[in-house]
Amino acid sequence: MSTLHTVNKSPFTNGALLSCLKHCKPGDAVLLIEDGVYGALAGSSVAGAVSDSLEDVTLYVLGGDASARGLDDGKVLSGAKTVGYDGFVDLVVDHARTQAWL
Amino acid sequence: MSEGPYTHQAADTAYHFVKSALAKGHEVPRVFFYHDGVNVSSRLSVPPQDERHIQKNWSELAQEHGIDLVVCIAAAQRRGLLDANEAERQGKDANNIAEGFRISGLGQLIEMGIQTDRLVTFGD
Amino acid sequence: MSNIKKFLYVNRKAPYGTIYALESLEVVLIGAAFDQDVSLAFLDDGVFQLTKGQDTGAIGVKNFSPTFRALGDYDVTKLFVERESLEERGLSEGDLQEIVYEDEDDDWAEKPSIKIVSRAEMADIMSGQDVVLSF
Amino acid sequence: MSEGPYTHQAADTAYHFVKSALAKGHEVPRVFFYHDGVNVSSRLSVPPQDERHIQKNWSELAQEHGIDLVVCIAAAQRRGLLDANEAERQGKDANNIAEGFRISGLGQLIEMGIQTDRLVTFGD
Amino acid sequence: MSNIKKFLYVNRKAPYGTIYALESLEVVLIGAAFDQDVSLAFLDDGVFQLTKGQDTGAIGVKNFSPTFRALGDYDVTKLFVERESLEERGLSEGDLQEIVYEDEDDDWAEKPSIKIVSRAEMADIMSGQDVVLSF
Amino acid sequence: MSTLHTVNKSPFTNGALLSCLKHCKPGDAVLLIEDGVYGALAGSSVAGAVSDSLEDVTLYVLGGDASARGLDDGKVLSGAKTVGYDGFVDLVVDHARTQAWL
């Protein structure tokens, strides 16, 4: 059964997101929270690497954190899905384990 | 919960997550505060009027839903978080742990790993 | 005049995930009372502090981005934002909120506080300071 | 000093730096504790016997060399660091600031930027 | 047996600069008493925790690297270190301290606790756990 | 007059060192402290970028932090100079300002 990975750091400052994506198995989910939501920015220097991984992995963005940072849907990579805290809970339930990339 | 209040958002995210989990009918038997997370338990925190009160939010949620808020004793001692018993034992003239939090050992974290279906970490 | 120093506040961190951006702003506001020559630098993830449309309602944290618009009233009028940092993040000047001040030396004309600079210009700005405070 | 004790090395590095500066005959009029750095000032810290005692190290160094250790009031209130006056003013039943540290405002930082020849930041 | 879970401690941070490495080790030592199936993963900057020749005398911080060599006595014998993480840092297995345990199922023969694995193998190890604790 | 830059983060996790080097002026000094000392590792994935900047910038490593992490002189980039806390103080004195890349 698959894994939910959480990433809470900006990929422009910290290597957590890229390391996480390199350790995902097909079918895993990655949820971007807190400053991690910047990882879903379209047109950024990491957007290509993130998009490439979406073949195997589903990318989620915590909506409250994205709104707080002024990231509206138009700025977010197509393919990324926005969830609320309740969606976060469902993701934890739907995956066998949660791994935080702190 | 691995980071302190206000400095990192982790304590806020964990709080909203736990609230949502409870609202959906899940059980949240325990929250374990480790690393700088122990700082959340201080009852001496006085945030500005227009900011959220992180310690109070946790204490109230715990009381309402019977959540066991455990503060790691080793991490707490280093950082100066003591309850009345600990303060007396250590010869300190004050204590600062808020109601609803209790001090205990790391075994309380491992135990949850064994007993619960899911364990989620919030930190830095 | 001999007591006037050039202060630079360097902002390299995103808002809300950590408190540094907010507590940097608190220093700027207090520091404004000291009548020094103040500049703010926004580079790396610090440029995210100035994005428009921030709405913190769902995370329960105070939205402090409007405070940047009040800086002009404190005579803090030099906000340097690094172009390369914006570009790496897929942002342009239009993604930032508008921040203006009234120029008392120019009949109180409204002027932009944000100035987009290149990385080389940012390096020059940094190297011209007396005191650099990092957040 | 912008980070808390034990969690980040910054409080240690700053301590060794200040000691060296004093040994070389420089003046260190003030150390300003900001962000989680305010946590250094807690007198309730009880580190393990075989670890350094960061708060005591600072208090002793300050007493020996007349350094003004200033804890930012706004940062301290959020994080639950109070002296006796502040505790009374805020209606709190305890305080936790160690001897040698005093609570004051951010102006104390700016003032040093104006008056000193060099200002060095240690943090995360 | 049904109560035995697979626990993975994930170490991605360097020692001494922050306390996470030390406090992770403290959890591992306490956790060892619970007779679970324990593995430790070292990747990214976490591989620095295991380098040999650490001498903390000048920084006044306790050197906890010898504690890793005691893990075998606690039946913690699976330390997985990612090869790619070592290589990116210019390190090889020879830069790590030697950590061994005595295998009770093999006449107490001394065996290495550290196993160098590829990134793909590390991903497999992670995905096979019941509980993942991150530091 | 030139600047002393301090960097206290590992360059493999955090972008501070590379950003710092891009903002140095010729004649500036960069002092690696705490986890920043890993930036002086020879043969690493960032060693090339660091070495390239040594034409314009002098690189210093805080010796106590290097020793703590098992970085002996043989592992450190040639060209990097090791200093103690007293050398750190001298560097602060010898440069007009100190900028911390936190």
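Before moving on, here are some points about what is shown:
We just call them A, B, C, D, E and F in the order they show up, numbering each chain from 1.
Just so we're on the same page, contacts are C-beta pairs under 8 Å (C-beta built on N, C-alpha and C of every residue); 3 or more make two chains touch, one makes a residue touch a chain.
Predicted model only: the values in this text are computed from it and were never measured.
Placing every chain at the mean of its C-alpha atoms, the farthest one from chain F is found to be B. With chains reduced to the mean position of their C-alpha atoms, the one farthest from chain E is C. No other pair of chains shares as many C-beta contacts as B-D. Our note on geometry: chain D versus chain E, Cα centroid distance of 35 Å, whole angstroms. Separation between the centroids of chain B and chain E, computed from CA atoms only, is 27 Å. Residue positions of chain F touching 2 or more other chains, listed in rising order: 8, 12-13, 15-16, 34-35, 64-65, 84, 97-98, 100, 102.
Annotation for chain C: residues touching 2 or more other chains are 12, 16-20, 44, 59, 61, 130-132, 134. Across the assembly, chain D contributes 6-7, 9, 13, 16, 35, 51, 74, 119, 121, 123-124 as residues in contact with two or more other chains. Interfaces, counted as pairs of touching chains, are A-B, A-C, A-E, A-F, B-C, B-D, B-E, C-D, C-F, D-E, D-F, E-F. The part of chain C that touches chain F in the complex is made up of residues 10, 12, 20, 43-44, 119, 122-124, 126-127, 129-132, 134-135.
Of all residues in chain A, only 2-3, 15-16, 19, 22-25, 28, 96-102 touch chain E in the complex they form. Across the complex, chain E meets chain D through its residues 16-19, 59-62.
On the chain A side of its complex with chain C, the touching residues are 8-10, 12-13, 34-36, 38, 41-45, 47, 63-65, 67-70, 72, 75, 84.
Partner chain D is touched in their complex by these residues of chain B: 4-7, 35-36, 39, 42-48, 51, 55, 74, 77-82, 87, 90, 92, 94-96.
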